[in-house]
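Sharing a structure here in structure tokens format.
As written, the chains take the letters A, B, C and D, and residue 1 is the first residue of each chain.
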């Protein structure tokens, strides 16, 4: 029986693969938005505590993670940086191969743990770990500064998913606090990006290499 | 008077700072500093209860770090009054606002007991201090801010992952305990060992990035040398202590879960790596603010080393923490004067400091003497304690490596400081040494000298309690 | 009382014995040579004359002859002449004597450098260097004597009463010691192989060049001091050769004077047979004596007869 | 004990006062010297009372719950307090005329502050009674002397010397702290009393580490080469204090911890003796090669430290062979030589300071004929040189005589190990001869002959306050040389606290030796007086004329034709080539029209070159290789974080 949880985690893994393979920044932002939505919905489905409070709270989280942050990124891309293409450190086919590697690695890692929740929904842990590893991949393998922000977001999503899915007692206030931090973090990164664009008129991190010993 | 005032007053002041004109901003800065200092003393004696007491609770080590933060913020705010007049910062309101936010977030970190709330506070400190580094809007400061924000956020995200793994270790053990440091330390025995260790590693690496321990220290020299001097004084003096607070509390948990040997070895390894890494870059350095930044990495390494060893070395580590904050921030403030005077951060561009800026020379040279660990200043005592503790544990090789690196660092530091203070150079110095430009540094050094020879009993008891979990039977 | 007389005799005969060397050298050179009393005439002549002092000299130039002659006199006071009781003697006087020689050497060198002339500087440099090596030999010989007698005073070694019957106790290595002491005597008293007292070419001189600028009574004091020093060393060798147990005082003094004559003759012969060594060869020559003394000590240590 | 604190307080006021009234230069100096001297004199009374009554004054206060400062004065520390306080008084008086630059008023005030801090810290080092107080006083001593060395920091050599000295104090402190750490592990507390319970082989290891640590301060052979850099850089009264007393703190440390460790293994005595011999010979050979007068005196301090170590080594061997007479003689010889050295070395440095201040030249080959121009300095320098060469009527001879005596006595006891005593006597003889050559060279070149440069010609006598201390010190040299009784007894009582000495045999020997020396000195004076009368009688009505020196017929001798220091020592240095390799820079004359050539020769310190080449450079190269960590690329920085996590995860 196909439960919505498995479908969603499958969607997550596919989104990671898609993001890794894509060449433009705008598609990646759309992927992150999707992930944001899925990541907030999944724990609610998983723990079935659909009380009204948690539902409203879930909606607020989904709103921030799924819509506000990606729109912020989208705005910074189109109005500030005006450049959509993306020159990765390693070529496209190499990144796709890396994406596959991430998925295999996450499946291998999650197979080593035995959690009660995993029995019914085997796919959720690999999805979380692959999102996490995907984030790290974007941080290391992409040269553009914006992709680093995206990588950071995916990392956050991955960690949130692991946290929310595996441990039962998630305090809403605490989750909200984390999200607030992430939101302010992305805004700060946006401001810094804006200044870098104005100073270096290009957000390629290769230019950011003057401070060395 | 609820504990959270500590948090809200600077927050509100920070928001106000953005709308007020500059003149009032400076007053706002100093008054919040005084208020915060007074309130932390009040907390120290009365120990009031927090409203959200499942998130915030006063712990001895948190209290120590809070006292250091508020004292230093007060001193730095005094310094920044004349600093803002002299320097030509474009947006002074951003400076005051983010300084106040910085104070708020750091205070929140010291009093927060819940693991995730502590994480939120530390993440907030990064975000509050990012604009401070951005102030000069030069290419280097942009690069430094970018590295600072990205590396710290990624690092701290891993710390969040670590905290999450800790919660998992609770679930697996099936024990119902609230997710606070104090509760966890009490019931650490029943937690699942493997997950606890994995959690500790992620937490250590996460907060270690923020604290500047060795492999993750790369952002620190750039950030601390590009920020304006009062900001880098706070960054180097106090922010690293907050990150250390997280590691201390988590290692407290593991010590009571009798995983002490594992945490000790890991902390010693990181401590040694940071001392070696900072030695490499202090020996050959061109920029004196980077020199001070690397010496912060070294001192944080020593503190981690001391905590790892435990016993009297842990006591020495806490002393080292206090004295290092005092001396390092006074040094950064003096380096601010040198930067304002000579206009360049390069050591070769500066010279005969003793002739041109005699008062700054006294503070700067005195601070370096303190940093190197010579008697009148407190680091001599803490370094001696850590060495004796290490020998007592019988770790001869490790402590001899540490001693050799400390020697090299003191040689490197002295070489460049003598070059700055005594090399004859003919320049005209724009800076006129106003009292508020050197008195703050002097007071910090004098406090370090006083604390070196006389520690008030209350402070001593707080220190003993703060290391009771990891000191293994050292009761003074 | 007898020791005072013996002291007076030695002081009076010192110039005579110095003339013996010149007589022997002249005999080897087929010349008649100066009369045996030549040194007395020169001393009296010098005492009658006035002095010429260079402008660059200070009071040290005048003090140095005084110190040299007084050191030579003091040294003789401690010497058990012909086995009799010396005027003064205390435990450790040997070290005191050696360091007294150092004091006289100190002032002679300073007097040499005082005159600001390059020739005197040359002599002082050589004197300072060779005396270091000579002292090593002397101290090794002292260690040897202490090994046997457990005492540190000249009288204990050569005095009639408790003299250590050297031939029985040391036996054959004594010859090495005598040879070593003989070489040291040649170096310390500027005899031929090390230094040439007769020449006036500054390149070759050591001792003569240091007293080049002295004149009148100063020169006389220096000459007398040198002769007394020579007789002190020779009497040391004499005591080593035969330790004077011939019963009556008169016999002892006669034997002593005879042996002295033999030693001076020996010095005269060495001066006329060997030419002066190259400056670089002299350290090897002195170290040879040090090796002899060291070897003698080792032999005695290993095979205590 | 509280009079001692009152005196230390006075000295501290003497240090702080000048900072306030640095406007009026002379008044500031006057007040500061007044207070420092008053403090020292006041301090002498309790020390003398404590020393002769043999009572132990103790004082204990604990800073906070863990550490405690405890001071205690026993025989040995009282013996060391005498030279500290006396030489400080004379150094302070000397500094009045020496610091004669009013434009540097504030810097002089600061140097007086550190001068008084140095004195106080030395007194505390000697009185320290637990590891913490010793470490604290030791560090303050190094720090205050560092600031004194970099007094005139405009000059490049002074900065280099200051940096050298700072690194050396850190090296020494590091080794000493490490050995304190080992002591702490085995005794569990920081007190001195419980040190002797540690196991035997650990005692040896700790002693060796302490020997190296204290040796770096005392100037023992391989770790001595900061001395020739620091002393010429410091102002003369400071280098006098440093060379006279401060390096003795290293010797005090060695003796104190030898007592505390209480191990009587013979290997310790042999190590100390061996290093003493090497240091002695090496120091004096290097001194012969130096052209800078203060570097020369610094190396001669190294040599005298060697002699002191020889005495200590003899004493230690005496203890391990259970021969109290040999041990007592060795220790008292070493302590007496230490006292004498602090007197004549301070005298020589003050003389050198006066010469440098008046002529502005430090190299001896550009001076000459100063005895005629600076009479008092010349005479006192002559007396100092006579004393340092250990010649009879002066105090140098007394210390060396005792060590010789111990060496000779050692022969009869040590049937099986004849070699140590053989080394003692021969090394002392060699050092004595070389010292004589070295100091005749200094006096001959600097004070006698004709002035070689214009500055040497116009030199005039130093200030009154510089001559008084020099005169007092030379009088002291003569007094101790002629009447050593009191001082030998002091040395014996001090060495009594080093080991149990049966009262009876010691006193009889002591009285006999001192009466012998007094008799010998009086005999020397008598005969010299007699000969002097004879000479004046001979010169009664003789014509004395003045003319130029006899130049073997050469009529126009110029001062440049005089013998120079380098040529004087050339033969000796050639003989000791391996100990003092010369670096000669002399482009060879070649081609038909050869360019003008020059000749520079410099005696290099083999310890310095080897340590720098084999120890310091490899470390710097290794650390240089690690520099790539900070190459600026942000991606790799994040890679470091992941790398750290992966490595750690393997260890779970």
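Rule of thumb we're sticking to: contacts are C-beta pairs under 8 Å (C-beta built on N, C-alpha and C of every residue); 3 or more make two chains touch, one makes a residue touch a chain.
Treat the numbers as computed from the prediction; the structure is a model and nothing was measured.
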I want to compare two interfaces, C-D and A-D. Which one has more contacting C-beta pairs? C-D
Please compute the C-alpha centroid of chain B, do the same for chain C, then give the distance between them in whole Å. 79
Chain-centre distance (mean CA atoms) for chain C and chain D, in whole Å, is 37
Geometric centre distance via CA averages, chain D-chain A, whole Å: 71
How far is the middle of chain A from the middle of chain C, if each middle is the mean of its Cα atoms, in Å? 103
At least two other chains touched by the same residue of chain D: list those residues. 627, 630, 634, 638
What positions in chain B touch 2 or more of the other chains? 146-147, 150, 154, 221, 281
Among all residues of chain C, which ones touch two or more of the remaining chains? none
Please list, in label order, each pair of chains that touches. A-B, A-D, B-D, C-D
Given the complex, residues on chain C that touch chain D span 47, 49-58, 60, 65-67, 69-70, 73-74, 77, 88, 90-93, 95-96, 99-100, 102-103, 105-106, 109-110, 112-122, 124-126, 128-129, 131-132, 135-136, 138-140, 142-143, 146-147, 150, 152, 200, 202, 212-213, 216-218, 220-221, 279, 283, 301
Using the touch definition up top, name the residues of chain D that touch chain A in the complex. 627, 630-635, 638-639, 642
Mind pulling up the chain B residues that touch chain D in the complex? 146-147, 150-151, 154-155, 158, 194, 197-198, 201-202, 204-205, 208-209, 215-216, 218-219, 221, 262, 266, 276-277, 279-281, 283-284, 312, 315, 354, 369, 372, 374-376, 380-381, 384-385, 387-388, 390-392, 394, 399-400, 403-404, 406-408, 410-411, 414-415, 418, 421-424, 453-455, 460, 476
The answer for chain A against chain B in the complex is residues 132, 139, 145, 148, 152, 155-156, 159, 162-163, 166-169, 171, 174, 177-178, 180-181, 184-185, 188-189, 191-192, 195-196, 199-200, 205, 208-211, 213
Residues of chain B that touch chain A when the two form their complex: 114, 116-117, 119-120, 123-124, 126-127, 130-131, 134, 137, 139-140, 142-147, 149-150, 153-154, 157, 160-161, 164, 167-168, 170-171, 179, 221-222, 226, 281, 285, 290
